[in-house]
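The first chain written gets the first letter, and so on, giving A, B, C and D; residue counts start at 1 in each chain.
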Amino acid sequence: MKRKILLTDCPDAQGLIAKITYICYKHQLNIIKNDEFVDHTHGRFFMRTELEGRFNDETLLADLDDTLPMGAKRRLVAAGKKRVVILVTKEAHCLGDILIKSYEGALNVEIAAVVGNYDKLEDLANKFGVPFHHVSHEGLSREEHEAQMRAVIDGYTPDYVVLAKYMRVLTPEFVSAYPYRIINIHHSFLPAFIGARPYQQAYDRGVKIIGATAHFVTDDLDEGPIIDQHVIPVDHSFSAEAMAKAGRDVERLVLTRGLRQVLEERVFVHGNKTVVFK
Amino acid sequence: MKRKILLTDCPDAQGLIAKITYICYKHQLNIIKNDEFVDHTHGRFFMRTELEGRFNDETLLADLDDTLPMGAKRRLVAAGKKRVVILVTKEAHCLGDILIKSYEGALNVEIAAVVGNYDKLEDLANKFGVPFHHVSHEGLSREEHEAQMRAVIDGYTPDYVVLAKYMRVLTPEFVSAYPYRIINIHHSFLPAFIGARPYQQAYDRGVKIIGATAHFVTDDLDEGPIIDQHVIPVDHSFSAEAMAKAGRDVERLVLTRGLRQVLEERVFVHGNKTVVFK
Amino acid sequence: MKRKILLTDCPDAQGLIAKITYICYKHQLNIIKNDEFVDHTHGRFFMRTELEGRFNDETLLADLDDTLPMGAKRRLVAAGKKRVVILVTKEAHCLGDILIKSYEGALNVEIAAVVGNYDKLEDLANKFGVPFHHVSHEGLSREEHEAQMRAVIDGYTPDYVVLAKYMRVLTPEFVSAYPYRIINIHHSFLPAFIGARPYQQAYDRGVKIIGATAHFVTDDLDEGPIIDQHVIPVDHSFSAEAMAKAGRDVERLVLTRGLRQVLEERVFVHGNKTVVFK
Amino acid sequence: MKRKILLTDCPDAQGLIAKITYICYKHQLNIIKNDEFVDHTHGRFFMRTELEGRFNDETLLADLDDTLPMGAKRRLVAAGKKRVVILVTKEAHCLGDILIKSYEGALNVEIAAVVGNYDKLEDLANKFGVPFHHVSHEGLSREEHEAQMRAVIDGYTPDYVVLAKYMRVLTPEFVSAYPYRIINIHHSFLPAFIGARPYQQAYDRGVKIIGATAHFVTDDLDEGPIIDQHVIPVDHSFSAEAMAKAGRDVERLVLTRGLRQVLEERVFVHGNKTVVFK
């Protein structure tokens, strides 16, 4: 008895739930949990099916391919650990949260390595037995630096690359090497305060809430599909520094929560948006 | 083209989603939204299916009855207004919220009548063209008073009876006349502060959050199945009166939200608990 | 024994709390509640003091003027009802919430009149005995329309003008007639989604939270000092229309809450930001 | 220039703010932040004053003693690190959060030692260079075990003892050795679900929110003064185990937040309640 997740993303049509679940039934697979969503605006159907049983992947997928409409995408993935490489700069809180939750067994992830453009967090990674690579950007062009980063990252063949407050802008070339596989935390409730120093922007504008956003990275800075967001209230007594300090708790929460949703195969990308089955 | 909701509540078995959705497909009904839940502990399956199309209720239900396991309950209900009678005492905020949201079109309900054991809210009901009945409890035994209340309520044949801060305890006889059809708002996050004066209890205990609970009424006071709950933070500066004042916003929110879920056929009762498909 | 609120807004200096509270003490006034805030960045001091006792306003203010530093602003205001005129277009929910909360005694306000550029909400205002003025903009230039609006508004000499989903942009002339006395609700968590159709913008961007903002109106559209904000979670299943529907609950909550803070003299304007003592 | 915090807790009287702040002014101390609260029900005054300047503790306190009413308590404490000993059993998440936040500099604390009745968390403590003591309760009477625990704890002379999911009930003797200096996290929103297995109780009751409570430990189990509480929504799909898993994030948040408030001298105990200046 194994557990796998079937992910279906296809043009909407009548009877899809019946057809897909019937195939699962015919294969004597038990549906542990099923979530579906129809985007009526775009005529698109999404379904996530947690299955348990004895799988014959080949015939199951063949049966699905016979049944699903043209343009369907379907994946059958084992429910298990995904491998990630984490990119950092100097701030410890997001990396620390992923390390400690992984250590506690609260996050189903294999942290293959941490790569930093500073060496400040080497000690933290090593505490948890995770290899740390210092790839300094000093004296290098952006392209040279990214080439070195990619060489290190690709050595670990990660499923996902996590930017845990990695504070450098990535080139389109870098991004396209990991399509919808780079997860970033932005320290504002996007699309408010795009770009640099969002807490200073929030302070200057006098907002009464601050937040953070986990999103996939695309070519457009801070414009990729949003996975998760969270906010906390602030008031006049918060300086920009106090906002940044309070915001760290939101950043770590949102990045880890968004990452967990990705790791558990709960996230579909659909245009520049996501469908997230919680 | 009509819209109806199919509600299935039965012992769990393999293939249920496939079988039910296949019947819908065969009847050429479009699934607008589907939610299902399996309670693995108790081996029970729940499904709410929003359907659109041309319905032949009789054959659809017959097909379902042929297919569903022994002990299945299924209902097919039109998506539309439900009729309620609202019971009140003196406090205006919960009644006011239901009236105004109904007026705005934000709540799909027909408010047949308001019945009060005081006449204080007659003016408010009448503003919105809703008949008000004053059924005073003074000089009456509990049984006599409830008999008069029931006579008024039953004259309106309501789908649900809503206790919008109706401050009298109901007898088992009254409750059993409307099984799982009486919705109450209790002014605490149950099971904390059962019974009288929950805000005073909250103040005395020094809690840092207060809340409210919408629940179905059963024989056991404050012990019926919980439909919805919400809380707000408080601190040392809140007297019991200030808590009660702040709590009114939570009470109105929770009662209206819980009522909406019931009106939209999103709520299954399961033992002393609810399954709520949001 | 009366209750008044002393509001002090002045350059920061040593001993201000001591000096101000000593003057109150000397006048045998009891401090019911005191809040103060020093903006260390701008060197500015804010204090709100709820006082009880027998007031000699003239000598109290004279004593304060002798003591406070150059550039100080201080006001002594009676704790009591403020008068507002509410501007509306077609949507009922914000107006409805203010009317019902005022009716319940939950909002310390005198609603002098409602003015609409459509007549749709006349019935709602009249239910609560509030005069309604229909000032149509049709066939009028913006200036002509605003002149008519101002004539109606000014006839009521309101303390504040409340834009309860009044969907027309105001000219600088109109705004300058009521400096920091016009309160608007914007249906996004500003500064996200400035301008038209914020829910459509939110849907298009795929955000996971939506919100609303109460702010003072200034010449810059949607850029005035923020009084209060609140958000709710949404997900992929929300269409733009569903966001708008869910957002109404946030809009009404934030507008009423922000208005209450203003009515209770809890809000200082400071540059383009607010200090709000809750 | 130093920074200290003056904490005043005394019977209410006219002019207290003026008198205390005047003494600070006379001593040429700058008030960075001041919070006060009058409990009008009990006639008690609380004030927390963050001061900056050159302190002569002796004369400052003498001046205060000359001025404050009979029965006043006042303390002048340096703003700085407090020393804690953390007690654990087997669960890592609360200890992990305190360790990582201390490591990041987000919590102003010196973790002197971790003491566990199992040895499971020794590795985690040691990662951060914190000594771990395994004091097994096996084969010992409660009194013998506590005597060993106290010997270890007292060797570190901690300011506070933190129960980070320490799952043994303490005797009144143990509690009285650290009066209002033991901080516990209880995994429910007290007073709901007092006692054992609160998540199972929450599951059985069918609540729609779960929470956690940080409180000072007194002789009455789960009845001590509440410092902080937080909740998250749950629904029918949460088993008791899923609630426990989701609840861990609330537990760690509330314990660390409550501890921070205590460490920053923001908490007064007042009867069986707290005054917390945030």
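Assorted remarks:
Note that a residue touches a chain if its C-beta (ideal position, glycine included) is under 8 Å from a C-beta of that chain, and two chains touch if they have at least 3 such contacts.
Quantities reported herein were computed from a predicted structural model and do not represent experimental measurements.
Chain pairs B-D and C-D differ in how many C-beta pairs they share in contact, with the greater number at B-D.
Residues touching across the chain A-chain B interface largely coincide between the two copies, over half of the numbers being common to both. Mean C-alpha position of chain C lies 38 Å from that of chain D.
We define each chain's centre as the mean of its Cα atoms; on that basis chain B and chain D are separated by 40 Å. Touching of two or more other chains is recorded for residues 40 of chain D.
Within the complex formed with chain A, the chain D residues making contact are 92-93, 96-97, 99-100, 103-104, 106, 124, 127-128, 245, 248-249, 253.
Partner chain D is touched in their complex by these residues of chain B: 37, 39-41, 189-193, 205-209, 211, 225-231, 235-237, 239, 270, 272-276, 278. The residues of chain D lying in touch with chain C in their complex are 14-15, 17-19, 21-22, 24-25, 28, 30-34, 36, 38, 40.
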